[in-house]
Amino acid sequence: MSDQSPASAELLTRIRERKPLIHHITNIVVANDTANITLAIGALPVMAPAKEEVEEMVGLASALVLNIGTLTEELIEAMLRAGKRANERGIPIILDPVGAGATRFRTQNALRLLSELHISVLRGNAAEIGALVGIAGETRGVESISTGASPELIAHTAAQELSCVVAITGPRDIIVHNERHSEVANGHPMLATITGSGCMSTSLIAAFMAVEADPWLATIAGLVAMGIVGEVAAPKSSGPGTFRAQLLDAVAALTPEQLSSQQKVDLP
Amino acid sequence: MSDQSPASAELLTRIRERKPLIHHITNIVVANDTANITLAIGALPVMAPAKEEVEEMVGLASALVLNIGTLTEELIEAMLRAGKRANERGIPIILDPVGAGATRFRTQNALRLLSELHISVLRGNAAEIGALVGIAGETRGVESISTGASPELIAHTAAQELSCVVAITGPRDIIVHNERHSEVANGHPMLATITGSGCMSTSLIAAFMAVEADPWLATIAGLVAMGIVGEVAAPKSSGPGTFRAQLLDAVAALTPEQLSSQQKVDLP
Amino acid sequence: MSDQSPASAELLTRIRERKPLIHHITNIVVANDTANITLAIGALPVMAPAKEEVEEMVGLASALVLNIGTLTEELIEAMLRAGKRANERGIPIILDPVGAGATRFRTQNALRLLSELHISVLRGNAAEIGALVGIAGETRGVESISTGASPELIAHTAAQELSCVVAITGPRDIIVHNERHSEVANGHPMLATITGSGCMSTSLIAAFMAVEADPWLATIAGLVAMGIVGEVAAPKSSGPGTFRAQLLDAVAALTPEQLSSQQKVDLP
């Protein structure tokens, strides 16, 4: 149990009171699941990818999700426009560098977004984050197969070099920001059996970022929430298809009390 | 109970006999759900967005759905081409102006479609439809937060100005065409907990439009169907994830008898 | 029971041991379902449509899926680039010509892919495959309504003209390659009640192609797997929504023993 217990619970209450708009520029695989999980946690999703409207749309939003899962040249342009406007207006951005390391196109564009925008939180798996700081690993498509260093070292290196909160998710989630380091042990192996569970984590973090100025706390809260709902959904499921439905049910039913009492957060 | 009872039931039977093709030009969030609900009601969906083929594809279809949920410049061009061909051939069009009012890009392009095409039915929430007739409201992304006038006034204003059937969906659905006004009280609050329930309503209306020349009757039938399946699915669900699955099951199991006996239609 | 029994079972074991990456260039309707079924069978999906990265991405993959369900000009370019690189590196390609015959755009581009690339397997319904060899049928959108010849004749004609394995799926799946002809009787009518079951079959075949050099054997194994999971999922479902979830559960739970003992393969 940690000092953040009351904070995460209080943040969930705030999300449900304020219903913040979360602007996503995301991929065709998870657009539905991430919209639904954003609704289920109590926020409002909008998926708006057109460069003609992203600046206006992000102006209405309380957080911006940039997810490069099915990136195209046009989406990069939209992400840069949306991100610059978000930065001007102080709207926090979370970047999900799906598949970074698999192709130069993904690695370089993720780095370009990190260079041209102020990104508050970067969430990915160890190989993706490693690729962004030159630590060679093996990404098989969008999965992290192996990494050239420990997730802890990758997270600390990335947090320092990229000057943002870095969250590496896996069996244990590692969240690093400046001198701060935290780990979230909530979760369930079934989360790895469906596509987009990482992207859904990113959407949950964004919902918490929309109501909490400290992105480190918001990231912990989002990952605790995702972990707990995985734990709740797994025993009610007979496989990935039913798990996916139960996961959404668990998010909608998640209470502040659950966040407090079931979280497994280490602040070593 | 209304005079339309036998009509809606008969229309469902016609859909299942004729299996009309419903051409969708739609968004990346709901493409799967709207295809599946179209199949479940007994029609055949095709999602075809390329400007190179939309004119040929719509020529095979019995109704055309234009949904601007993740609109891009390219999709506008495709919608205009498909819509013009649909008009030439007398194929009815339904427009779902997702997020109109949130950005000028959405508002202006929805108005452009309404101006350059003959649209039979316009279905949206109160803020979206209000934005198209200059009644200021608050759209948070794609959700209607508040409106500057009653849904009834917005619906009547829009029906007059835009010369089409206007359906504003919400706790009570309002359907207006010329001097005709109807309300559908079927539905369940859980419909608002999943993304795309509005878009799915639009697809159901399109299926009924494909077999009924009067778009006002088709719209009532579609909204009654959506409302009833929400009522059937909700008690079988433990949250939005299982509700989404149960909803589709309920559509596939929907009978003409249910449409007749369970509909709550007011013709004030 | 056939000579292929042990082969299919062994191939499933190989997929789960090797976790091959399956690169998909696919459509917005089924991107999520095909990614999830690829994961459930034990392989790793990546959906990467950008022409800037497809050559590099396919270089990491063990099979390439080209699915024209929501084809655009940009996707054709990406498919050609990915396919050429795949051919150079000996990575097998499966083409799913969704909606061929419905529009010239689809028919001509499917033929272009077949002409410019070496395609190992072509999987579609009878009308789609018929359209590619000039046998007129009726495709209503993406559904095969009727065909001008028997599926057997269409499959044999296509296999000869197009020099690849041809799989026509339906109540009985027909798989033809050169002089070889096989039929798979596994399956369930509920598979036709959801969108994308054909596309999901294609993804399963691709996973088997990734671990078996003979595309004819891989295709049989993939279609047997799809048929068996349909049979398992149907009695656990109350309609298409729950069927879709149960189907994914059944794929994840599929054992080599099931593939051997439950397969219905005819080698006439």
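Just so it is clear, A, B and C label the chains in written order, and each chain counts residues from 1 on its own.
Convention: contacts are C-beta pairs under 8 Å (C-beta built on N, C-alpha and C of every residue); 3 or more make two chains touch, one makes a residue touch a chain.
Predicted model only: the values in this text are computed from it and were never measured.
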Determine the set of chains touching chain B that also touch chain C.
-> A
Numbering shared by both copies at the chain B-chain A contact, with half separating same from different = different
Just curious, how far off is chain B from chain A if you go by their C-alpha centres, in Å?
-> 33
Return the residues of chain C touching two or more other chains; collapse runs of consecutive numbers into ranges.
-> 28, 32, 244-245
Flag every residue of chain C that touches chain B in the complex, lowest number first.
-> 27-30, 32-33, 69-73, 99, 102-106, 140-143, 193-196, 237-242, 244-245
Sites on chain C touched by chain A in the complex = 19, 21, 23, 28, 31-32, 35-36, 39-40, 44-50, 52-53, 56-57, 60-61, 74, 244-253
